[in-house]
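You will see two complexes here that share chain A, one where it goes with chain B and one where it goes with chain C.
What follows is the complex of A and B.
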């Protein structure tokens, strides 16, 4: 099966924990959810940052695929394509 | 000018640039690093998205508040106590538009633009608690059983919905099919002097809702009912304004109420609640009511520009698509 490359952008606490730009190589057809799992597997306690104990994505996690928001509830249904940029960040605090 | 930058901001130059011959007010918001026992603050951004989001917010604010200009500079990097974090400068014809426009821009930035702040203290550093977004359903929350129920809303309220219209997928709402009618109930007004009717038309136009019928009818039950019947043939959203008070002549409610198949009591309740905030207990003198007739929605609101602005902007336009969708299920 062919692989796809996905660029990730992480910010604030997530950047500190996972790194600011983690390249991922995923199976073709991988979803946003599988990318999150791959990220989480890369660092100690990574899962706790993104997921509740029941495995659902934490409510405060904000996801963007190529600059557009994705509801956490749709992460498992949203497929990634080669070259996509996936951003993962905590609630914003500007202004 | 929309910028994300490390350098400090030349506020005087921004103000100078905002001054136009037609402007009567320039409003400046300058957010600075407050001394909450911190040594410094570090601001981080998802820069491309922040710039794009702020452009969208600027567009919204200019449209909503008729601003002549709106410029935003948000800094990133390490900032000391007292340093500028964000500067928003808006130019407007009048102060109220300027103040509201400026505040709108700031609040939207706080809600949704990807910036983060880390505060450095002697005992350690911590991230400033972010804005928890009240948006876990694609469109707006709906009480009906299907939680992913999709409904049409006018354009500007789409953007406003949960502050994140830009995040919706196009297939999550239907193309608006609104046809509005305005009936001003008055025995003395003419189209030239009908200020509240004109206001309703303006507000509908801002949301791209076409007005297919307009009439002024006198304060008589038979005249109001035949005017409404005519409007119902042409439009699916009828806004009657005027004749909702307690004087001897006021009979809009008496004319319309018996014809409503379903009353939307919440409309009047919410309208008076919001009016209370503006005019105090006098709000109880309004008998504003709404309801549904054959899948079409009818609103009866007072005939003052203040009342129609409040009702249209804060209740009718945001809920219009929702109501029509339910009324036609």
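What follows is the complex of A and C.
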């Protein structure tokens, strides 16, 4: 199977937890959802950051593929290509 | 017209923007939502810049745990209403401007009324429920909204121009869950300084606004990055209508 390289950019508390720019090597045909799973794997409480208990992506998580917004409900159907950039961040809330 | 005293007080800004721009600041009214971590430095910088009228809205009371970041309030102010302390301290900082203390919670029924005829709205709130109401009021009344938010050493900011840029609900359609946020006062200072700069730039027509761009500040590495943001055609606030609708 061919692999694709995806560059991720994480911000705010996601950056604290996962790092700022995590390079991912994914199977060809990988989706935004599989990229999130790959990010979460091996990081303590990684899944909890992105996913609800039922496995759906937390609705407030902002996902942008090459600068275009991806709805959390579309993440499983949105394929990534080699060289794509995926930004993942939560809304910062304090004032 | 600027008085001789004002010309002196704002001399270093007049060097930067000119007297006409300083006059625009004097004629301007800013609605500042929140007198907390962001609201404190925003209020101080807008007051010293000579914004003619600052309406500052908050419904909270000052607690000791606020004082690591809410620099408009003093130790002696614990237990007082934030707007009362804000009004008093801002008058001491600059007696040549009008301060309007608005002791109110921004709610579903009153956001547009509270905002009034402000030229700019500053979002210095600490929760998205209030931010969304403010964002909707800004869109309906066609008033620019300068947003920022902070957590820990991180922050974000953007300037919303109704009908031209994405609104806050385009960028963040869903609120994150509430939590007791860790935060350093200086983080509020960084983001609040950006907000105050945006307000002065907008009112004086200076430079390029943080419009259509989300600035993301990481104080841990002292890096600012930005992400281009787009309008959401399905946005429940600004998707279907023009501003002022």
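Heads up, the rule we're going with is that the second predicted complex is superposed on the first by the 90 of 95 C-alpha atoms of A that agree within 3 Å, B and C clash if a C-alpha of one lies under 4 Å from a C-alpha of the other, contacts with A are read in each partner's own complex, and residues count from 1 in each chain.
The rule is short, and it goes like this: a residue touches a chain if its C-beta (ideal position, glycine included) is under 8 Å from a C-beta of that chain, and two chains touch if they have at least 3 such contacts.
Being a predicted model, the structure only gives us computed values, none of them experimental.
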Subject >> Joint occupancy of chain A by chain B and chain C, clash or fit >> reply: clash
**OP:** Please indicate which partner A:73 is in contact with in the superposed arrangement: first for chain B, second for chain C, both, or neither.
**Re:** first
Original post:
Regarding the shared-chain residue A:87, is it in contact with chain B (first), chain C (second), both, or neither?
Top reply: both
Original post:
Touch check for A:64: first (chain B), second (chain C), both, or neither?
Top reply: both
**OP:** Based on the superposed arrangement, let me know which partner A:11 touches: chain B (first), chain C (second), both, or neither?
**Re:** both
Original post:
Touching A:95 in the superposition: chain B (first), chain C (second), both, neither?
Top reply: both
Original post:
Now that the structures are stacked on chain A, which of 24-32, 204-212, 258-266 or 294-302 shows chain B clashing with chain C?
Top reply: 24-32
**OP:** Return the residues of chain A at which the contacts from chain B and from chain C coincide.
**Re:** 9, 11-13, 15, 59-60, 62, 64, 67-69, 87, 89-95
Subject >> Partner chain C, residues of chain A touching it in the complex >> reply: 9, 11-13, 15-16, 20, 59-60, 62, 64, 67-69, 87, 89-95
Subject >> chain A contact footprint on chain B (complex, rising order) >> reply: 31, 43-46, 48-50, 52, 74, 85-86, 106-107, 109-118, 127-133, 135-138, 164, 166-167
Original post:
So in the complex, which bits of chain C are touching chain A?
Top reply: 34, 36-39, 123-128, 148-152, 154-156, 171-179, 181, 183, 188, 216, 218, 220-221, 225, 227-228, 230, 232
Subject >> Complex interface listing, chain A residues touching chain B >> reply: 9, 11-13, 15, 59-60, 62, 64, 67-69, 71-73, 87, 89-95
